[in-house]
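My structure is below; once you've seen it, I'll send some questions.
First chain written, first letter: the chains are A, B and C, and each begins at residue 1.
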Amino acid sequence: MTFFASEIVNGLVLASFFALVAGGLALIFGVVGIVNFAHGDFVMIAGYFFYELYVHLQLPYLIAILLTVLGTAVFGGSIYWLALRHLVERAWYAQLLATLGLSILFENIAQQIWSPNALSVATPSTLQVAIHIGVGANVTVQDVYVFIGTAVCLICLWLIITKWRWGKAMRAVAQNREACVVSGINVKLVALLAFALSTALCGLAACLVLPMQDVFPTVGLSFTTQAFVVVILGGMGSVRGAVVAAVIVGLVEALAAGYISSGYTDAFGYAIMILILLVRPTGLFGDRVQRSGWSSL
Amino acid sequence: MLEIHGVSKSFAGVHALESIEFTVSEGQLVSMIGPNGSGKTTLFNCISGFLRPDAGKIVFQGKQIGARAPFEIAQLGLSRTFQSVRLFAKLSALENLLVSMQQHQDDSILGRFFHTPAIRRHEATATARALELLERVKLTAHQAKPAGELSYGQRKLLSIAAALMPHPKLVLLDEPTSAVNPVAILAIRDLLREIHAEGQTILLVEHNMEFVMELSERVVVLDAGRKIAEGSPRQVREDKRVMEAYLGS
Amino acid sequence: MTDHVHHGPPNHPPSRFRSLSEVLAPPAARSMLPLFVLVVAVLVPFGVKDAFTLGILTDSLIYVVLALSYDLSVGRVGALSLAHPAFFGTGAYAAAIIVQRYGLPLGLQVLIAISASIVLAVVIGIPAFRLSHLTFGMATLGFALIAELIAQNEIGLTNGPLCMAGLSPLSSGWLSSFGFDQNVQQYYIFLVIAVAVAVFFWVLVRSRIGRAYVAVREDEPMAMAAGINPTRYRMSAFVIGAGLAGLIGAFYAHYLSVVCPTKLDISYTVNLLVILFLGGTGGFWGIIAAAFVFTAIPEALQVAPNIRLIVYGAALLVGVTALPEGFEGATRTVRRRLARYARGNRA
């Protein structure tokens, strides 16, 4: 029971992380219209930002987080404006290849700057205190703070895309790009904002997860593939679907790692994705009308 | 040859087809007409396997085909063209015809690959047939041109030729004259008349009334997913419900 | 102009489909290029004596085979699989395991390696081809990562990260009777394999099957209306490509003499994608040229692996963004412009 409960807690922490990263990926796919294979690398880079600010410059914890989130958003926005902007409206495989190239570029530049070795960041000791909850699982303050951080962030995201003028524009663009162009919405700016917002989520995800996960240059790719598993499972472009799928994948991976084999953690995420896709080719919250074949009539 | 029994199909609650019923017998040239959105193309897609009807039976030569895949139906001898001409733009006119012959020769994997004498004979027969069809649609001079570089009318003719390539038992033509210039329409009309005279069974969807009335033995009229009339061109022309459907009452 | 839905990777110029006899005796002018390339390839060891350069050329030949086999799926039927290194690795591991456990001869190793890759491709392909495009790509990537995890974790079978060693380098008594050393012998062995695979590829894509591949890639509904079963053809391209990757994997295992889990790594996919997309998917000479350029040049310059990857990453990003049709497409455009310019001058 204790073991089960602590695996559930692990699963939920993992789910929070996936929700932030995959939610951003879904936003990029839905609003910007790009298959971003470099998404996980923004988390990796944010991890290094945070390391520099918090460990190197010894800034206060919360200030370091804030600056990391802002820095990642600005960095993401600039990369979008410089390079990825030109991929909008290109075929999906061209986007995948180009962003894969970007990912390799990031990974190896990071290796040049920070060496291939893993860096770990210790959070303030106050966060490492364990809280005892009824079922016997140990939950640290850090875990609680990951849940709260994620929840607050997802609520903010929801408020942004439902209440804020530009957020509403994002949803409109996701639904019908042409109509938005015609009706005078600045689609380019909306896409830029959505991209920066998504990378900000990556920045936050990196800060929240860092004490539990080391950062090293090649870590981004595994984040990317996991985020794609979650996004495809949730239905491409659906942020809500991504959040639900994140919980499923997080729990499945944690339980599988605990009870079956920790060597195959990633494999279980894929297995779930493939199984669900065979039943629902457009994912859990995918557009049902959308055709799923190799080419439509 | 083709029997349609009570075929229905709806999209998101909208009835695109409601209990359609008609048959096409061997050697006939039947036309399907109706205002835009009356369900003609939907019915075509059901017959050729691209859509699965919600209810009803489609029987082709005694075999139920309602649930079969498009390529299986094609292999049974039911060819079709598409309303907006579909061809393999990168393949030459000749190759476009040869592709249609692909599955209609009994051949082994080994044979397909190594061009055994049997396959070479088949390829020779197929090429001969393709050249004959190109001659008929007056595209012999363009046989090596990529299909994407032909004019619209030429592509339309080529797509009909491709449908005829495997000696189909029944050919479905989806608006062969739409967006085609008057000269090409005449060429298409002559071609259909010729092949029909040779015994080819044809089911046609058409907007061009003159064309339909001139060619068809029988006309089926659809409106809003229902069959509202069926008969000879003359009967249909004089049918009140058809006039109402077209003129909008 | 047309309303064809293009989902596959960039297309290639119209090709004529010819039988084996025609391929072996094409018009004189056309036959010069392959012959010339072949003669140069055969003569290389007489001029190049150092092991380093020969090694680079041998690596390039391996990449030629991998790239062509990968293109069957990516370029010919337009199914962007990310599982290719899994087939290559399966072939390599199959050979290594057979050598270590059963000591069977090379011929059997190769046969079993090919069969193992084909079986794996069928197992992956059956679920994956029910998906499409991006989901197909991600599912194949998932299988590729699972294959790598198996190589890492199933220590009883694969030795895990400690790798499998003990494979003997390739040699041929017949070649050594000419006084060629080990490196030259290996070079010739891989040259024979590469030429054989290239001829196989050439005949295949110009056969009736190759014609159906193009049909399936260009317009699936139209292909179905012509009686072609798209899944069967896609599957066949995927499986044949996997078999060829397994074949070269088995030989590669001997060439390196050790097989490690990193041989299944996604970085191989990256190298191959660079070669295919900058060489022109669905092409032939462009891919072969790119396999040499992108393998030999970085190795010859002895570029550090991560600098090489920085260049590759930038090449993919800029290449795909700026040259939608790849290298062959770009040269085609240049040729067309030159022709128009020449015509313009005459007029």
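The rule is simple: contacts are C-beta pairs under 8 Å (C-beta built on N, C-alpha and C of every residue); 3 or more make two chains touch, one makes a residue touch a chain.
What you see is a predicted model, and the numbers here were worked out from it, not measured in a lab.
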For this session: Select, from A-C and B-C, the pair of chains that is joined by more C-beta pairs in contact.
Result: A-C
Problem set entry | Chain occupying the most central position, where position means C-alpha average | C
Exercise. Counting in whole Å, what is the centre-to-centre distance of chain A and chain B, each centre being its mean C-alpha position?
Worked result: 49
Exercise. Cα centroid separation between chain A and chain C, in whole Å?
Worked result: 33
For this session: Quick one: report the Å distance separating chain B from chain C, using the average Cα coordinate of each chain.
Result: 40
For this session: For chain C, jot down the residues that touch at least 2 other chains.
Result: 219, 221, 230
For this session: Give the residues of chain B that touch two or more other chains, as numbers and ranges in rising order.
Result: 50
Seminar exercise, completed: Flagged in chain A as touching 2+ other chains are 297
Seminar exercise, completed: chain A partner, complex, touching residues on chain C are 5-9, 78, 80, 127-128, 130-135, 137-139, 141-143, 145-146, 149, 152-153, 219-221, 230, 234, 266, 270, 273, 277, 306-307, 309-310, 312-321, 324
Problem set entry | Of all residues in chain C, those that touch chain B in their complex | 1-4, 11-14, 16-17, 19-21, 203-204, 207-209, 211-212, 214-215, 218-219, 221-230
Exercise. Chain C touches which residues of chain B in the complex?
Worked result: 48-50, 69-72, 74-75, 79-80, 82, 84-92, 95, 98-100, 102-104, 112-115, 119-120, 123, 146, 148, 162-163, 166
Seminar exercise, completed: chain A contacts chain C in the complex at 35, 83, 86-87, 90-94, 96-109, 111-112, 221, 225, 228-229, 232, 236, 261, 263-264, 266-267, 269-271, 273-274, 277-278, 281, 292-297
